[in-house]
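Each in structure tokens, the structures are laid out below.
The same subunit A turns up in both complexes below, where it pairs with subunit B and then with subunit C.
Right after this comes the complex of A and B.
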């Protein structure tokens, strides 16, 4: 048993307590993702995390199937917060060089460069016309960062994840 | 008069324009003053899987900017609402984290201050404006329309921080809908998830979640759905066609409205003042029954 992963996860999920999981699987019975992707099982992810055996979870990318609905955390009698364990594993997998889903990289790049997950787009109306903010008389969307310090900080925190 | 910083987040000002339009047109008519917050931007919630500190930093930044302005934040998006409240709670209880964030923020000339209060659209409608006041302003009651409220995950969970709604037995949403003259009711898993976060991993499985939610709502006899979250809207309004073809069920079709759109319809506002021409789902059906033309 390798406790290094569990210790790193514990640090990331403070004040929750993944070390107290007793495998009741209430989280899995509540899980939104499990209902459509049966091989995704939060209680097993917590068990593997406690054993330090997370390579398979990171290689397969199954941790990215979590819908982050937080139901597992509500149902858990031990304050394990499996959703936060999964978020911690996502963070660790990236630090270890595994790739996140492509769309998340695009979102991160946009947040750094534009301040939003996407640039403002034109949408199709029921009259089959395209509308953007200006045509809808909405105020122009400005880049929210008042100082270059914000994107610089963000880049440092995110590392090269979106490259 | 209550005054709030209008915090739009990401999805609303770049894509879900009907929410912004309806909020800007409806809330001031209910005595709510909105102050633009152009230096806000992303709350960091979508970044948490990539780097949790990046999430914490972005929300700490927003709370600090708002605290400096001395106004409470009105968060329109469930994700933003959760994010700000969760990070506020984390920072309140973790001195080391506070110091780390204060240092990062000082690089951009911002002083860490997490005192700003955070409210969601539903709270502003229910707790500040109040059901009685809304009821008194209804000119076009939504009679005969049975609306399924769809609060969305992050209006309710996590529940170890203060939430806009009761996480176990959400009631505020339905009382606002009832005040508009519409019917409300029970359906299983009302606090369930729209599947939006699953999209980058598997669009197919996210659509299965949408299909199953909408099917349940129809089976329970509802004629419309209402949400107050742009991510839920994006899934249950805009992805009905895709969900229908994914499961091959022609029955998956139901009008979906933002809560502020329903309030605006009942108050007699024009559909374009509520951005209703931008909803993707078949909202015309409900408008016809109320004698309202989408193009008036």
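Right after this comes the complex of A and C.
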């Protein structure tokens, strides 16, 4: 048990207040990620952060399961904003030298090469029909401007994840 | 008293003062100051020998000022004022010097400097003492009657207690019947008494009591005067029925073709346009709802007038005002439920089968819209699975920060309602903490958490969706078993947050009562004086001071009544010594002091050809705001005049050393 991590997280998530969490678990009831990855529980991440026991969270990489839909932050009765706690933990874990998951490399590569995190994909409708941008008569995506310095900066930001 | 003769007494307070500084040295120093006739030190000045020492000195040395350097005046000023009184001096010729809290307790580590400070403080007091003068308080009689605002269980209990003590009570109720929220409940926790069965006899007692006069369908619109002699202006709203003629037979209600949602059933039932609030209403007199009455909206019908056997219907009735003269006011206006539609994630107001705890009370009540059957509002079917959500809006930074203090016990009671009416139903209670703190509550909780098909789940739904059949679908993470539970419930009950009544703000301003961050009335002291306010003669009863369940409300109301009885039984109110006084020669009548006074004690009027301020000695509480505002120094506060305070400052600033 150690308050240092909590204090660092508090600085990063200001003006939210993770120390006030009373474990109602409303965030986990709402969580999009929990429904797919049951091990991911925002209320538990906040509780572990309060105790300073974040090593396991960083080693297992479970914090990267968050989809950042922000529902937990919307519904939280104590203005804890679990999503922001998770983002803070992601930043701290990179700074502390933990490696992010492999998928992040792909995302970084996509940003440099395409300008987006993920290329546009086709989706399946309720009626089992595939829809792409063309089928929805949407224009083809234009590649956004990616500055020359982006690869270097991404490398720095992601602790060497993007090679 | 031109000849100032001061006695200075320095107390050791055991080691509290004597262990840090040398009181004898302080006394010796004081002895050399001007006007000081005698100075002494003693180990416990507040003890009998210490007091006797001062008393004898006053007589022996013909002292006319006394300085006691000891503890805080909050502690022993009254003690030493008693000494002066016994020796025949006006008590306000005493000057306390706080050399304990202000000196030895805080400067323990620097005793030499502490002793210097004590000498300086005593010297300042000696300079101040020369400007002290006799202060006499005045008394005004109290009117032995009271207004109780609000006729819920708090107002009922307070009224009965006051009336039984021989005090005339005017009970003001904004609805047409007394009874309040308790009348809407089916049963009360933890004993499961029928709410109406224990409440309605008290309502009848109130209506029959010779000392109680009920003003129903009325509201307080103005309060003037001051503690002991308030003038309370009451507006009697038009009911369009002459209540003095009406016998409460109900013929008008029966024949009325107009319909409206029934407030008493929390919108679940239907009432007529002319209606009694509920069958056991006290007074049992109807009112016409002009928004739904065909005569008022379309100019047709008049059936009520035709069927009334005593000719009591009066469509032209207008509001009336009465002024009541009372000594005390008891505020017992209760609470309101938070607007649950603001919790958009739960769909209250949007999904028919999401209801409030109070709506469940109505469904469960024998006189409710379903005659006591628990049926879901969308299709009138019996629910098979019921979800109860605790802390709906309470303990929530986005809604209401505080705890409602009865939701947990109410939820347990609601488990009983459902299991009693529908033994095969499954009940899921979603809680964060179950706060079963009252007498018998834990046992109550134990009984119902052990029932078959009752599940207490430690989690909170985040978003409720409505299925095609009106059932409610949501996920809840149970942190006891570490699993996400998918729920499909037929009925969801929200144990909602509690807020002060919406229309309370104007009344609060009229009464000059402060409020806490939640908007509830602020008590004088949260622990020791929880039913008094900063305004003398105004008392708080029940949930207007903060959320309360029925046992706490009744205890609070009885305490407020006892406090009011004590205040009225004393027979008089006394002015404070620290009154503001006007030097009429200096006063220019500029009136700056009038709006500054928080007690409305100052008026400006014509006197001998010029405008001068006048202070109502009973209303003035001696806060000093006017004296600080007065540009000419005409307004001075007794015991804190400019001369007194400045003479002290001059010494402390080193001017007279």
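Everything that follows uses one rule, which is that the second predicted complex is superposed on the first by the 102 of 163 C-alpha atoms of A that agree within 3 Å, B and C clash if a C-alpha of one lies under 4 Å from a C-alpha of the other, contacts with A are read in each partner's own complex, and residues count from 1 in each chain.
One rule holds for everything that comes next: a contact is a pair of C-beta atoms (placed from the backbone, for glycine too) under 8 Å apart; a residue touches a chain by one contact, two chains touch by 3 or more.
The structure presented is a predicted model; accordingly, all values stated were derived computationally and were not measured.
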{"item": "Touching partner for A:38 - first (subunit B), second (subunit C), both, neither", "value": "second"}
{"item": "Partner chain in contact with A:29 - subunit B first, subunit C second, else both or neither", "value": "second"}
{"item": "Subunit B versus subunit C as contact partner of A:14, first or second or both or neither", "value": "first"}
{"item": "Touching partner for A:121 - first (subunit B), second (subunit C), both, neither", "value": "first"}
{"item": "Partner chain(s) touched by A:66 [first = subunit B, second = subunit C, both, neither]", "value": "first"}
{"item": "Subunit A residues touched by each partner, larger count belonging to subunit B or subunit C", "value": "B"}
{"item": "Partner chain in contact with A:107 - subunit B first, subunit C second, else both or neither", "value": "first"}
{"item": "Partner chain in contact with A:77 - subunit B first, subunit C second, else both or neither", "value": "second"}
{"item": "Residues of subunit A at both interfaces, subunit B in one complex, subunit C in the other", "value": "35, 71"}
{"item": "Residue ranges of subunit A in contact with subunit B within the complex", "value": "12, 14-15, 32-33, 35-37, 61, 64-71, 73-74, 81, 87-88, 90-91, 94, 100-104, 107-108, 111, 115-121, 123, 125-127, 131, 133, 136, 138-139, 141-150, 152-154, 157-159, 161"}
{"item": "Of subunit B, residues touching subunit A in the complex", "value": "10-11, 13-15, 17, 20-21, 24, 36, 38-42, 44, 46-54, 57-58, 61, 93-94, 104, 107-109, 153-154, 157-159, 167, 192-193, 195-202, 205-206, 208-209, 212, 275, 277-279, 284, 294-295"}
{"item": "Subunit C partner contacts - residues on subunit A that touch it in the complex", "value": "22-31, 34-35, 38, 41, 43, 71, 75-79"}
{"item": "Complex contact set, residues of subunit C against subunit A", "value": "345, 391, 395-399, 432-433, 458-463, 474-479, 482-484"}
